[in-house]
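Order of writing sets the chain letters: A, B, C and D. Residues in each chain are counted from 1.
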Amino acid sequence: MSIATTPSTVRHEPAAPAPVPHHGSFLSTYVFSKDHKVIGLQFLFSTLVWFLIGGLLALAVRWQIAWPWSDVPVLGKLFAQEGGQMAPEFYTMLFTMHATVMIFLVIIPILAGAFGNFLIPLMIGADDMAFPTLNMLSYWFMWPAFIAFGASFFVEGGAASSGWTSYPTLSTNVASSPGSGWGQTLWLLGLTFVGVSSMLGSVNYMTTIILMRAPGMTMFRLPMTIWAMFITAVLQAFALPVLTAAGFMQLADRTLGTGFFSPEGNIVNNWMQSTGGGQPLLWQHLFWFYSHPAVYIMILPAMGMVSDILTTFARKPLFGYRPMVYSIAGIAGLGFIVWGHHMFMSGMNPALGITFMVSTMMIALPSAVKTFNWLGTVWGGRIQFTTAMLFALSFVSMFIIGGLSGIFMAATPVDIFIHDTYFIVAHFHYVLFAGTAMGVFAGIYYWFPKMFGRTMNEFWGKVHFFLTFIFMNGTFFTMHILGAVGFPRRLADAYHYETFHHLQPLNAFMTWCAIGMVATQAIFAANFFWSMFFGPLAGRNPWRSNTLEWTAPSPPGHGNFDFQPIVHRGPYEYSVPGVEQDHLMQTDPPNAAAAALAAAH
Amino acid sequence: MPHASMMRSAMHRHPVTIIAILGLCLLATGCGQTPPAYFRPNMVEATKQRLTPDQEKQVATVLLAMFGTPDEPVCMPETGLDEAKLRLAAGPVRSDIVGRKNGLYREHCAHCHGVTGDALGPTAAFLNPYPRDYRPGVFKFKSTERADKPTHTDLVRLLHNGVPGTSMPSFALLPSAQVEALAEYVKYLSIRGETELTLMRAFFELDDEAQGKLPETREFLVDETLTPIAEKWKAAADAQIQVPPMPADIDLVASIAKGKELFYGDKANCVKCHGVTGLGDGQANDYDDWNKAIVEIGKEISSGSAKARETSTSGMSPDELSEHRAQLAWIEKFGRVLDGDALEPRTIPPRNLRHGIYRGGRRPLDLYYRIHAGINGAPMPAAKGTVPPEEIWHIVNYIRSLPYELDGELGADKPMLAKDRF
Amino acid sequence: MRTCSRNSLLGVVGLGIVAAAGCKAERVATPSADAQAAGKLRVTLVSASTGGGAVAAASTGSGWGTLKGRFAFVGDPGTAKPLLADKDTEVCSKAGMKLLDRSLLVDPSSKGLANVVVFARKTTRVKEPLPENPTGASLVFDQKQCEFLSPVFAARVGQPIDVKNSDPIGHNTNVSGSDFNQLIPAGGSTTYVPKAETGMPTMVTCNVHPWMKAYMVFRKDGYVAVTAADGSFTIPDLPAGEPLEFQVWHERSTGPNGALGLDNADLKWTPKGRFQITLEPDQVKDIGTLEVPASAIGT
Amino acid sequence: MNRLSGIFWSLLFLAVPVLGVATFAIAPAIDVWLPKDVSEHGPAIDGLFYFILALTGVVFIATEVLLFWFLWKYDAANGDRPATYIHGSHTLEVVWTIIPAATLLFLAIYQMNTWADVKMRRPAMAPSVEVVARQFEWRLRYPGRDGTLGTPDDLFLVNDLHVPVDEDFLVQLKSMDVLHSFFLPNLRIKQDAVPGMKIRVWFKATETGQFDIVCAELCGWGHYKMKGRVTVESREDFDQWLESQYARQNATQPEADPSTAVARTE
């Protein structure tokens, strides 16, 4: 098509999906492709596979918590010698790798890698990323990580088993735990590669967003998704080096015999440690200096996507666009000075605890602001309950819970009791699963047409949402009251404590819910792959949305746009009074619409 | 909704796919058959004794008849074991039943000591020192003479205090009924293991007319094999070492000084292994019996294979050749058996006497037992006979003073001559 | 052992699954008990009845005979390796004297193989009065310059053995599989009374000086001999007129439990290192020189 | 049809606050709630917990119900009025920034005192006991008669901590190998034990009884079984117990009656 084509016609004629033109071999087009969309999808598929693996790991964990030492289905064969019961070190390995996989191989890459890659150029009107080769590398650097983490399950002693935080001296000392052998080394290697990948990505995103916006696309006309991706990239760029450095220090402690993190005269498993003079808390500081910002890396993009989806299906402008942007920036800024709230009980100077408590209380603020603005966005809209919308709404609803429960932990005296109990487990699962994962599902249902040119089945989408929503809350909400009892996390069997032995039925209930939750994802998988090939054709703009990606063909060919998009307004001009359609795309020329707009203001 | 129509049209074709995939998932997670727990035969000994599969099978069968399975233990009256206690300790864990009445051993012990009591639990390989293998029936920390079995009280006390300086935890918080049951079950596993060893070794003693089959008679299996082993356990209770009381009017300082003399002297000769510093840095490259056995076998195998390599098969008569082949096969099998059924041998360093950690207990009485009778299974020799009781008491007092020779902090590790400290 | 270092390598390469399979397959298969047979057997065992198997009384002869023989090593015994004696060198390797491995002692002139143990497996009667000691050597088990003076030591069960230490340093004497592991102060001594038969000879060590090694064999009837430097042995006063079975052992034999298997048809020599013989009363039976091929001796 | 689905979904979202509140209402009834508190500082902590619970509860209910109400009311299928065209409200933004900010700040300042009491204002006294955590047990060392640690009359025990009631009790916390966490649920105490650090923990128990010691920081494969027991008892019982343990530790003769060899647990 030519530039002369009016997008309004573009909008209504359901265009057949334009085939991806072949530049070079299959290999260079689909495997080692430099096209941001292909890379995005590569990220999407890899992370979804790991999502499944992580989920199954979680099930095994839940099994042990609910029925410790009783025969494990399927896995039982591994423990024939023990009569089918799970060995405790195997359990520690399970929850360690569950967290590791979910955080480093699913959430971070699926948000930044999959959606970031796919959406950024499309939503800012660029034909590709600034550095396509870097982009490709950022994906292929994930593979050494995939291999390292995957292989670590099969080495002597099994995979890493000192928690995803891998605190020294448990993690630095080979003798301290079976998983602290080969498994931990591979874990550190994997982590490094994930870091490299994210770093390459973030550099690319920042450059692209700053330099390659379409004409007329000012920073404050960017959709929230892009803002979120931008801030996330900044966070990664500043936080990651610290983790990578710390990782190398730990690697050195383990392999070169340095003593950054181990004090003098430590006797682990009755082996006298030769090195010493270090300080275990140093790792915790370095680790959380990355990993707290990382918490926001794991939620901000979802927030952005949810904002876009809410506006689309509420047919209403985003409530308080700039406050939303500022609050994201605020979160990012404060995110760097709150890491200490993970260490209230760690032996860090209690006086520091007070300062970190204050900053932590303050970071709850921007989150609150965002929540209120989402409510404001829904208020007075014309809400369409599509699957994407439902997931987006559940994100808001669940994020409220996750946010509020955070306040308990932020209050240092209360944290004395609930630190490292199931209360914290509930908290971060509400933020990361009930929050981010819901956002991700919303994003997949919402952008699926743009990715594959076909829409996912709505009916089964809603079934998927309903069951997930029920089971999810059944699993995670219960954790709050478990935490109130002080039920500690990471215990292979807590029922020999008088304080906790009556909690077994509750845990059994949660495990059944968890099983249901994982099983439900089969519906999603089926729907996803079925719709990829047999789903109804989508057309360019099935949701009648405003942002730039919807002006491109579905799926967009190489180079994305078949005309040069020129941006005339912000991304959220829905239900503009006096305009016949209930939305004005960013590319719509400022003719009659502009008049109407002026009248409205 | 622009796509409502598509939606409806799609709905009909779906359920098949989805149900299929759901089914697959259930298949993947739901049904998995877990084999019941079983007693693993002592493959190291079986291979050492060159048992044939039939012979291994016979031993397994006899043991099954005499001792039952990990889930349903039985015991011959001759063992003098209390089956009720055994049932409390044995069996799978049913943690979903509050106040359940079985599975204690597999809940608390099997991870390290193994369901069979062979110290090959999944966690064993990562512990230092390795957990105890009950099968040879050798126990270290007890109130009886070197070769005697521990008394029931000894086992209970050990469970109660744990073994400081090892991975053996204290079970003081378990109800005593459960501790009793566990102690009884340890005896059961030990008697079973020792019986197994005896049976496997018995094949070599067989006359040729027995055609490599043990007589399955009460005389042989019970009277000749089981009863002697069980008797040793029964005898333990009355075999406690009689400890002459420490002289009441003992002058501690003088006693400690005397103890030091003995520690460094040629008579008690402690210094040879525990070192001039008392840090356990003397003769330290020896093995305990369990590891030594594996080391010896390792040597045997390597020498055997070396031998086999250098002998040329050329000019061998057919049966010589088959013999040669058999030898090679045996060596190869032994290699695999050690891989799976034995732990990497580790030396046993003498105790560092300055940590103030005493595995067998810190009571003066415990130290007296150790010095008097030595430590069974370990290099520590007995001083009885060559060192009179009152001198043993002196040594005890000196040992107890060692951790405090520095500025009162435990675990001092600066290699300084103990002589210069006092 | 019990490690999968191979697998860890593979793991790094990423062939985890394969590795896992290998790791799990590593433990050798074990025989499964025959449940039915076990059930039947249990009935036999719990029933107080003497479940058959009464041993037929062995035919007994009369009079006494003597067995003589000699073991000769065929082939090149090589030169004895020096032992690693790194403790108490001022005593143990005095004047640079090296302790040598004595596990294979062959007399250069006669090729006689020393320290082979021959004992009667089962005997029905013993000639009274019992000889003072079966081996002819004195019942002193001494250690000097960090070496047990008798590499292979035989005694009758119940005979008091004088365990001596003629060194200016302390030793301990550890008879494996027995209740005896005793400190022997410098120049001191203690008494050990063996309580049970050993079956095959058992190892004796000194834990202070790990290289010190000897063997002890105890028999109830005392019908046991250790070959001398020239490889010859004599067992006097054996019950005559009835079949006797002898067990032969050598420290370095490749046979099971050190049994010395020879290819000797007329003595019906078995792989378990046993041969049978029946003595006439007052006969001194000399079974001549038995040739021990190098292949029967491990490295 | 569509309106029905709108109703259905909005009700689903209403279920969140309803069931959420219900859960927290039922929990105490079925004894899935804060364990019995027997410490002097505990009430302050519990008080804060309830205060925050109330505060967040109100916000939770308000926001979730609002969400439900908007979903119910502004369902596209519910009447045919256009969506409100509004880009936000400056006043609102200010309001819902200031109010939470004030609340949170108040919260932060309000609880500093409790924090200082539990973690910063250490009673001036010598350690009542040294707890050395190691994989996987709590090794205890009482100073013994002379009241100072590291002397030959120290009393060594495992996992079985005894504490006199109504007295300040100062624990000197160490770790021998890896991180552990000294968690006394009923005494509202939690403190990581860090290798190479000597950390003081103090509390005053107000009731006699036996309570759990839990390890709350992953310390390896046996983390789950790193269980201890704290026995709060009167001063007399405490001293008597100390004496008996001391006698047992220094025994030079076996017990006359073997059944008294170890402290019995029923």
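Operating definition for what follows: a residue touches a chain if its C-beta (ideal position, glycine included) is under 8 Å from a C-beta of that chain, and two chains touch if they have at least 3 such contacts.
Source: prediction; values computed, not measured.
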Steps in the shortest chain-to-chain touch route ending at chain C and beginning at chain B: 1
Between A-B and B-D, the pair with more C-beta contacts: A-B
Chain whose Cα centroid lies nearest the overall Cα centroid: B
Mean-CA-position distance for chain D and chain B (Å): 39
Centroid spacing, where centroids are CA-atom means, of chain A and chain B in whole angstrom: 48
Whole-Å gap between the CA centroids of chain C and chain D: 65
Chain centre separation in whole Å, for chain D relative to chain A (CA means): 30
Chain C residues counted as touching two or more neighbouring chains: 3
Residues within chain D bordering two or more other chains: 135, 221-222, 225, 227
Junction residues of chain A, two or more chains touched: 87-89, 177-178, 267, 269, 384, 493, 502
Sites on chain D touched by chain A in the complex: 5-6, 9, 12-13, 16, 19-20, 23-24, 27, 31-35, 44-45, 48-49, 52-53, 55-56, 59-60, 63-64, 66-67, 70-71, 74-76, 81-89, 92-93, 96-97, 100-101, 104-105, 107-108, 111-112, 114-116, 118-120, 134-135, 176-179, 181, 183, 185-186, 188-197, 199, 211-212, 214-225, 227
Chain D-touching residues of chain A, taken from the complex the two chains share: 87-89, 92, 161-163, 167-170, 173, 176-178, 262-264, 266-269, 276, 278-281, 314-323, 345-347, 350-351, 353-354, 357-358, 361-362, 364-365, 368-369, 371-373, 375-376, 378-385, 390, 393-394, 396-397, 400-401, 404-405, 407-408, 411-414, 416-417, 419-421, 466, 469, 473, 477-478, 480-482, 484-486, 488, 490-494, 496-499, 502-503, 506, 572, 574-577, 582, 600
Residues on chain B engaged by chain A in the complex (per definition of touch): 1-4, 6-7, 9-11, 13-14, 17-18, 20-22, 24-26, 28-38, 40, 70-71, 92-96, 98, 103, 106-107, 110-111, 114-115, 120-123, 125-129, 165-167, 411, 413
Chain B partner contacts - residues on chain C that touch it in the complex: 1-3, 26-28, 30-35, 37-39, 41-42, 44-54, 87, 168-170, 172-174, 176, 178-186, 188, 190, 199, 207-210, 245, 254, 256-257, 259, 270, 272, 274, 295, 298-299
Touching residues (chain side chain A, partner chain B) in the complex: 56, 59, 66-77, 79-85, 87-90, 157, 175, 177-178, 265, 267, 269-272, 384, 386, 455, 457-460, 493, 495, 501-502, 504, 508, 515, 518-519, 522-523, 525-527, 530-531, 534-536, 538, 542, 544
